[in-house]
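What follows is a set of structures for review.
The following pair of complexes shares a single chain, subunit A, combined with subunit B in the former and subunit C in the latter.
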Partner chain A sequence: MKPSDPPTPSSSRAAEWRQVLAEYLGLTVALAILMAVFSLSAQHFFSAITLRTIANQIPSALLVATAMTFVLVIGEIDLSVGSVLALSGAVMGVAMAQWHWPLWASLIAALATGLVCGAFNGLVSIRWRLPSFIVTLGMLEMARGGAHAVTRSQTQYIGSAVGAIADTDILGFSLPFLVAVIIVVVGQLVLSRTVFGRHMVAVGTNQEAVRLSGIDPRPVKLAVFLITGMLVALAAAIDTSRFQSANPNAGLGFELQAIAAVVIGGTSLMGGRGSVVSTFLGVLIIAVLNSGLASVGAKDEMKRLVTGLVIVAAVIVDHYRHRLTKARTV
Partner chain B sequence: MFHGFVTTAKLRTSECGPLRARKARFTPIPDLTLMTTQPRSDLLRIRPLAGLFAAWALLLALGTGCGPRESGESGGSTPDSKPRIALIMKSLANEFFLTMENGARTHQKNHATEYDLLANGIKDELDVARQIDLVEQMIAQRVAAIVIAPADSKALVTVCRRAQEAGIIVVNIDNKFDDAVLAEKAARIPFVGPDNRKGARRVGDYLARRLQPGDPVAIIEGPPNAFNAQQRKLGFTEAVQAAGLRLASSQSGYWETDKANQVAAAILTEHPDLKAFLCSNDSMALGAIAALRAAGKADTVLVVGYDNISAVQALLKEGKILATADQHADQIAVFGIEYALQLLETKSAPADRETPVDLVTAQGVEPPAP
Partner chain C sequence: MPDASPLLEVRALGKRYAAPVLIDVDFEVRRGEVHALVGENGAGKSTLSRIIAGLTLPDAGSMTFEGAPHAPRTKREAERSGVRLVMQELNLIGNLTVAENIFLDELPHRWGWIRYRALHDRARAVLDPLGLGALHPGRRVSALGIGQQQMIEIAAGLSQRCSLLILDEPTAALMDAEIEHLFAQIKRLKAAGTSILYISHRLEEIQRISDRVSVLRDGQMIASRPTREISLDEIVRLMVGRELEQLGERRPAAPGPVALRVAGLSRKPVVKDVSFEVRRGEILGFAGLMGSGRTETMRAVFGADPPDAGEIYVGGATQPARLRSPKEAIAQGLALLTEDRKGQGLLLPWSIRANLSLLCLPEISGLGGWIRRAAEHDQAGRWARALGVRCHSLEQRVAELSGGNQQKVVIAKWLARNCDVLIFDEPTRGIDVGARRDIYRLITDLADQGKAIILVSSDLRELLALCDRIAVMSAGRIAATFDRGSWSQDQIMTAALSGYLGGNASASASETTVADAS
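Moving on to the complex of A and B:
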């Protein structure tokens, strides 16, 4: 097709679908292979219960990974998500268990905590032009310290009062799972169909060019860190509800798990490229892997070996897929 | 004492000289004459932040780096002064160790005339290198005794042996040093602490009374490299075998609620007939309980934990946790300190001492049989 030919609507629609298919095919196949392997090696793995268990476990990881996708797309990083998760959960836990606040007020307190942490990350790195790596590393320590200070290092047991969030079922799916899926869909639409999304990609590709073309990259950055803070706090609320308790040590190393899921989904660490739906598949791959290895009863060292291998393999596969789609479009 | 400090402070300034010189070499020199007449102000003008940083580094160096030599010169504790006891803890982020340290601090306040306490912990429970640094700092500080909860039962032996050679009493609490390594280093370090294996056995035995022989159960272990996690697993396994239960699965939850939750959920799917979870700590028991609730089995599968953290009280009452073990975290460090004081006084040969582990159930606390 010559570039001057205007594409007919139907052929462009088909091309779009083909592109979408190519985009997600690799990850879907990888997921299917994993499911098949575990179904063959573990007796009860391939069952509705397993799927429900996974759907029950992933909402918090999905929310954090969606936020992390945004952060990576604008070419930044957020190392503080695990600690902010613990701090938001701790605030919620203390509010409910010790101050006897109602659920909604505690939830607002948790969300506010996440927003404040996100605002700190965003404002400090913008005002002093610091790399977000350093600022969020600082926040990683501060929020963890805060979580321990708020709870005095004691796990806060709340009980069934907080269970309402995780125990609400709609059409057989838990409320957190539905919320997480909605946020994934909205996140993908924001990223690929809105001006804000375009700005995010542009800032991640070439911040200077964005600035020179008259768009201020700073509000975009601040918005992404605020969204991250809020989604992380929401994830904290979900986990607190699921465990009916808040542990100040929650979310240790969560930032790396989230980054792994996002990178498996093909989002570039360099910024400017990413997809929330692919991140969703990345989270699923890690969840299936965790669940499958535990179902098989794999030895601990094997679990870590296999998980690491799958992460690297997924990124290599993505490298080839990326080159392939590039070659086709050129 | 004061005099000694002044001389070392001087020594420190001169020692830090080369550092400043090095910094100066990297700063651009606009005018040599200006540089020679006003070296310091010039430095500060060009690099105000660098200057501030250098000052901060200097303070830090004075605070920590010079400490050893200073106390080395002014000598350790004089006979009439109180002994200084260093308590070296594991992660203070862990409720268990925080309780332990707070117990020690309270004890010191009540016995302020008898000894001084220097309590230090590491940030991450597995940060062995940092803990070795801490022991070395305490050797340099010439404390009278070190009471240590080692992060690693092997890696810390060498440095503790060095402390002993420097004439410091060393008492091992919480996590016992590896016997083979102790023998190899010809070190005799007394252990004061609970027997995790016995404690887990008691919890497991209590659970077994509610089950039938042949019932499948699963263990959620702590980190595979942690000594107390290994001991608890052993105790649980013994109880399972003694009662003729079937161990369906045993996997690590790394002491963490969410990791234990993942593992427990997978085990439940794979073994739908499971009757009980034996969790190596209470945080992981919380994760197992969440998995049971999600699977709708909260009323049919039993859960036991370990440590008796404060959150467990409500769970015991609600019947969600059947039993847990209390190792008296607030007393472990105190026992260690008291033993160190006793050794300082009597200079007697050190021997191990076991501290009690209680079985905690909804019915109450059951101390160990004598």
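Moving on to the complex of A and C:
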């Protein structure tokens, strides 16, 4: 038997670029078409103001969707992100409005709240081998209850003291937008280029094979739930700053929006396949769809109907694309 | 007396998957006879019975049943013409009751409401003759032991009228008393004119209850004879065969120091007090029948299913090693190449490169776990070349590779981790003949380089050609160990069957017989 020579790095690099192109081309084209359609049908859609509005709206969605990408890649799910967002925001709001903590201390309190919720999700599902669907469903209720308890169901009006985060502009972009983009980039690099990322994909692909290869899947899972808790808390801080208030009803249904964005991006609900950049494009598609439909005067019911159709269509397209190319995942 | 005209006639039946499983099989079952079907693991017994029962379609040949052509495409079609199969694996639904499982196809009901009283009456009528009168038909199946579940499976098979009942290893999980009840039922069915095709490893049972014996070997029907005209020894000889494919005899290696010693290893319910040692440069084979506990033993050694009792010593250590997880076992230099290559050995949608680097990512990564891609690519290329993995590129998904090349990737993955003790579990299952030779050469090369090799295989010829010593497992214990030059196929087969002869006491008795014979 003649051993085949492994190809030179340059040809594999070309192949890699082809794969990157194939990965993102579809979503980018879809996004471009959406923007073209809306700018033709609504005169004022393609303006700096609309784009700024979108850029201001999406940072918290981006952070949560990035976290959700990690969670889905390892083959788990986190239904509690919306409630944890509300609870973290509530803690931050109460800390500032009632206890008069400084911004930095309240931010740390919010992040700690997110971490504790993530630790609960991770530890309970690992220790008792429960499906994360159930554990995070429990957390969805608990954190929502917690948010109402902390705020006594009153929206906490903080005022401009908290506005510093959202109001800081760097090169024309808001600080939250830049933070979110940095986290998307870092998230993508962690997922595709580090040992931890490789382990995440491995755990989502075949947990038993991974365990027999001497890699303990449990710390990987726990880390992902902790990261999720922290990113969700960061999203909560950004929203609290933007609204200058903390609402215990914040983030209702956020978990489903995040999952929708991730799935539109082509990440598999079965685990083992996903990309943070695709999720970013998924979040953009949903945001453009929302503001685009609003600018052509569509009512809320129509927006939801169209968004729902787009989700299903995206998954069907992804199904065929994946079957045709049989792309390797790592 | 059994009627002489055959109930089932099988002519020139053939079936192949990757390799041929059944070749030109001619076979018949007469009316009212108990017909035993024997053969080694992988001889084709189960495939033949599945074809007769409509679960598998043949590639060639024809069958007639009760004089009419028989070509069932589904289990239901076969059942309609009067063939029922009770399978080796349990097909019960744990959350349903005993009675519901037995009559799942035809629950008595009125307007969709199940008539439980009628159902339970009918279930009792089936259970009583099997000695299961004390079992309430309303009990949930999941609450029962494995033996009782097997009896219920059999009861479900007996509950329907049929003219041919196929029992595939029905006694594997049964206790003696249960076996007696089963045999009584077989006799009753036979008296009522039903034919029974009885598949079993337990030759003693076959002598007791069968009228005729057919022997399959490597997919070919070797013999069909009346049971009283054939001895146990003769059956074993027919099962094993004489021809030995020449794989090139292994030169006995000079054994190095002990690399792994296992003492008194047990894990419920399968592994019982297993002790062995393997030296560097040595290939230790594990022979045995399916379900004899070989895979379970290896998983326990590797920490995949930690043992209940026993010690494992690695290298020359005087203290037992703590191996409660694969991670700890790998840190001690152990490697397990599982029998389920696709399900447990590889990440199928991953590239060859990523599979090869999975175990040694820390060595090829820098600060913060950043993977150095050039290092990963070089490392993967080196190992793929060293083992002669045939592929277009290292970026090819392992799912697209042939079985032989997949196995090479698995071996390379562990070699890259530099382990000292490699445990191969069925390394050539589902691999074509050409690639097999490559795998054999790799295994012997590894031993020559000073690795300690444990080779679990159901292919006796493979073991005879490769191993320095062969341990034979039977019913969870090591029944005998043979050195190269002092073994024969018959002795190994006899040892493999020994644990299943009669009660537990005979296991040790047969061990001495084997020792005498050698």
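Throughout what follows, the second predicted complex is superposed on the first by the 322 of 330 C-alpha atoms of A that agree within 3 Å, B and C clash if a C-alpha of one lies under 4 Å from a C-alpha of the other, contacts with A are read in each partner's own complex, and residues count from 1 in each chain.
Basically, contacts are C-beta pairs under 8 Å (C-beta built on N, C-alpha and C of every residue); 3 or more make two chains touch, one makes a residue touch a chain.
Remember, it's a predicted structure, so these values are computed and weren't measured experimentally.
Applying the stated contact rule after C-alpha superposition, one finds that A:Met302 touches neither subunit B nor subunit C. Using the contact criterion defined above for the overlaid structures, shared-chain residue A:Ala294 touches subunit B, although it does not reach subunit C.
Once chain A of one complex is fitted onto chain A of the other, the partner contacts of A:Leu269 are absent, as it touches neither subunit B nor subunit C. In the superposition on chain A, no contact is made by A:Ile182 with either subunit B or subunit C. In the superposed model, A:Thr53 lies in contact with subunit B only, and not with subunit C. When the shared chain is aligned, subunit C comes close enough to touch A:Glu208, but subunit B does not. Residue contacts after overlaying the shared chain place A:His44 against subunit B, while subunit C stays out of touching range.
Of the residues of subunit A, not a single one touches subunit B in one of the two structures and subunit C in the other.
Contacts from subunit C toward subunit A in the complex involve residues 302, 304, 325-327, 329-331, 336, 338, 343-351, 354, 358-359, 361-362, 365, 368-371, 373-374, 377, 380-381, 384-397, 399-400, 413, 438.
On subunit A, the positions that touch subunit C within their shared complex are 1-7, 9, 12, 15-16, 193-196, 198-199, 202, 205-206, 208-216, 272-273, 326, 328-330.
For subunit A in complex with subunit B, the touching residues are 42-45, 47, 49-50, 52-53, 56-57, 144, 148, 152-157, 159, 163, 166-167, 239, 242-245, 247-252, 290-292, 294-295, 297, 300-301. Contact residues on subunit B toward subunit A in their complex (touch as defined above): 92-95, 98, 224, 249, 251-252, 256-258, 261-263, 265-272, 282-283, 286-287, 289-291, 293-295, 309-315, 318.
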